[in-house]
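Alright, structures below, take your time with them.
Both complexes below contain subunit A, partnered by subunit B and then by subunit C.
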Partner chain A sequence: MNFIKTFFSREILVYSKKSSNIISPIVFFLICITFFPLAVSNDPSQLSRFAPGIIWICILLSGMLSVQTIFKEDFDDGSLDLFYAKDFSILQIVLIKIIVNWLFSALPLIILSSSMVFLLYFPISNLLNLLSSLLIGTIIISFFGALAGALSLGKNSILASAIMLPLSLPVLILGSSASTYSSENIGFFLLLLLSLLFLTIPIISLACMGAIRLHYE
Partner chain B sequence: MNNIFSTVKSFYHKLGSFPWFYKFSSKFIPIVFILGFPIFFLGIIWGIYFSPTDVTQGEIYRIIYLHVPAASVAQTVYFAMAIAGFVYVVWKMKMAGLFIYAMAPIGASFTILALISGAIWGQPTWGTWWIWDARLTSTLVLLLFYLVIIGLYSSFDNKKSADQAVSILTMVGAINLPIIKKSVDWWNTLHQPATIKVFSESSIANEMLYPLLICIFSFYILVFLFGLMAMRAEIAKRELNKSWFKNLVLGND
Partner chain C sequence: MLTIQGLSYAYSDRFLFKNLSFHLNPGEVVKISGANGSGKTTLIKILTGILKNYEGKILLDESNNESLKNLSNEIFYMGHKNALKENLTVQENLQHDFRLINSDKKKLESYLEKLNLKEFLLTKISELSEGQKRKIILACCLASNSSIYLLDEPFINLDTESQEIIMEAIDSKILNGASIIFTSHDQNIKNSVELNLNDYKS
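Right, the complex of A and B next:
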């Protein structure tokens, strides 16, 4: 328990020392969002129809940015070697890192995406659905991102996103569908997302542990 | 019962050894080669020249004899790779990692064949080269997974960690693929009134079914052949400096 607390506060400290950890996903997200009205159409009715898809695509792409940072620094400076050698629980380290990474890279975007009511004319009646589906979906994406980051430690950054994005496809489909429907089908897609979350957490945590171990064999 | 079990067990242990596999498969390849290609040509020629013309689709339906076997092989190869990934992660059997490495390009090429033949088939029958249907989308994602596996493999210098990484990714992908297919299905049925069914399996006539089954069977034999050859090539690459390989090639054995 003590280790969890110490490690958690260490991670928070590491992330908050670098302002780019928070700023760069936000900037990237806003730029991506801005591209769509400029490139596709600025017609409010069309934009509000495409808004769920646009928001989800931008969330997914900005999730791509944090994939590399999640284990990379600790791997490069050797702290991960130490944790591994000292028999710390890799599972706890993986879970804490994913949670902190989610707090810093996904949570600001979820809060920010409620402003899409004004920017993309997102229908306000669906806002609750959008936020709850984002809340569940970004956690799943963070897990996939952690797996991709762990598999491609020390490799180029394109590879990590190439692993993460195809894995996140079901989240994109279910999430954007959940935020498209306002009344009757909302429960269906949200429950599917939730079940995907419960399927993802144990499997991907195990896979992450295996992926980190393979770099020390 | 015990006897069978011990035979299987010893076969499994032998299968993990590169020299044994290399020698064993060299006896196997000519048989598979002689068996595979005639069956393949039998199925294709029967399908193209002797099976009846389809009432609704005309002659174009004959591409089914390439399309369905390729699509079936593409999926089966992936799930075989996922099983091999499980075997590698649990028992560290190096042959399983080699199997994934050898099969990934083969599976990818059969997926491309299925996609292209499907597009050629879809153009005259549906009036479009591509449609975002559940089957098509999941096949495209399957191709993406194959390409990611090949890419991940090539980024490692150390074969052992490459095998481990690719095994993990293949297993996660195998869990993910049915979910993707199902979620496209749900998304589609809610968005569009009706998805196009390729054909209902039960309505196919026997005269068309038999050559199709022969084609599917021959594709599996051919994939087996290609897989064996690719695995042997990779064994040769990895064991180039080992004494057993030198002895075998130089004929000192």
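Right, the complex of A and C next:
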């Protein structure tokens, strides 16, 4: 039995059968992004200026809903015990779980944001910049969320938010800047985001492994 | 086959058990008993390699392996929790169950039938009783070709008829040389040696 293939297909199946994993972040995102113009301003020029920040905040908060509980179910139902007993690679498990979580919770939000930006009078010329920054930034946020979830296993979700939000600040700043500035400067911010991504993947994956192991010490 | 020497485990500065030693040969059964909180589940988790911060030695075939890791495919572990996905059906869970790596699919089907689980293959785990969930794992256990079985409260929530079927199948596994370590408060497997953790408090 190929462990990676079987585990990946099991995760896809679990996520696809649990509609709340997909629907909750989408509904939250839609509510957030609709309420901003009502609460802030309906002036197109003001909204257009704030749009990148608003979209990034909405995506960050919506994404937090599912990523923090990424390891909770496996911890509660004894699956993690089984993985340790079978001596499976926890690193592979961590990576697969983050990828599947991103596919089911962040990717739909990115797709949805490309159609919702018009509500905020976001300039179409900057749409590609926004989508590129979201694509890279949400992966980084998923890794930070996974670490928060791993550290707060068996504890309440406030701790996970308290860990995740400060970690996500640089991504929020770089991501919204990349979507705001003109195309000459976009490369710089995307490069910074990409560098952060390449730093995050190995460091946070190992940190997640360690954080999960802590619960078995 | 498996020798435990001077095994101790402390949790929050309190020893759950101290200087525990026993030996397990092929075809032998050890029943771990003791009061609630005496460390029965902890001992099973140490033997599977889930918990590592223990003192003492776990020797396998006269070589120090620290745990049974090198033989992880030869070990069948049944935890206190079932490790089943509640929103998947029985069939979907079985298709993705890593406990079935070293098992006989035909045997599994036969035990699912004997334990009256075949009609529930397309039912979600969340719609089954705790006893039925336990029987799914026991069907996997009986279909497994592992040589060492580490079972934590295997008979909990089971009806008498299922217990008889399982006991009979376990007896035949033991005759074929399988070794079993299980925890229980009241149930017994034929010819098992009892190890009461209350005797290893200090």
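One rule holds in what follows: the second predicted complex is superposed on the first by the 215 of 217 C-alpha atoms of A that agree within 3 Å, B and C clash if a C-alpha of one lies under 4 Å from a C-alpha of the other, contacts with A are read in each partner's own complex, and residues count from 1 in each chain.
By definition in this document, a residue touches a chain if its C-beta (ideal position, glycine included) is under 8 Å from a C-beta of that chain, and two chains touch if they have at least 3 such contacts.
Please read all numbers here as calculations on a predicted model, not as lab measurements.
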Which of subunit B and subunit C A:Glu217 touches, first, second, both or neither: both
Subunit B versus subunit C as contact partner of A:Leu159, first or second or both or neither: first
Which superposed partner A:Leu192 touches (first subunit B, second subunit C, both, neither): first
Touching partner for A:Leu38 - first (subunit B), second (subunit C), both, neither: neither
Contacts of A:Pro170 with subunit B and subunit C, given as first, second, both or neither: first
Overlap of subunit C and subunit B interfaces on subunit A (superposed complexes): 217
Subunit A residues within the subunit B interface of the complex: 147, 151-152, 155-156, 159, 162-163, 166-167, 169-170, 173-174, 177, 181, 185, 188-189, 192, 196, 199, 203-204, 207, 210-211, 213-215, 217
Interface residues, subunit A side, partner subunit C - complex: 1, 3, 6-7, 9-10, 13-14, 17-18, 73, 76-79, 81-88, 216-217
Residue ranges of subunit B in contact with subunit A within the complex: 89, 141, 144-145, 147-148, 151-152, 155-156, 160-161, 164-165, 168-169, 171-173, 175-176, 179-180, 183-184, 186-187, 190
Contacting residues of subunit C [partner subunit A, same complex]: 45, 48-53, 69, 72-73, 75, 77, 79-88, 92, 96, 98-101
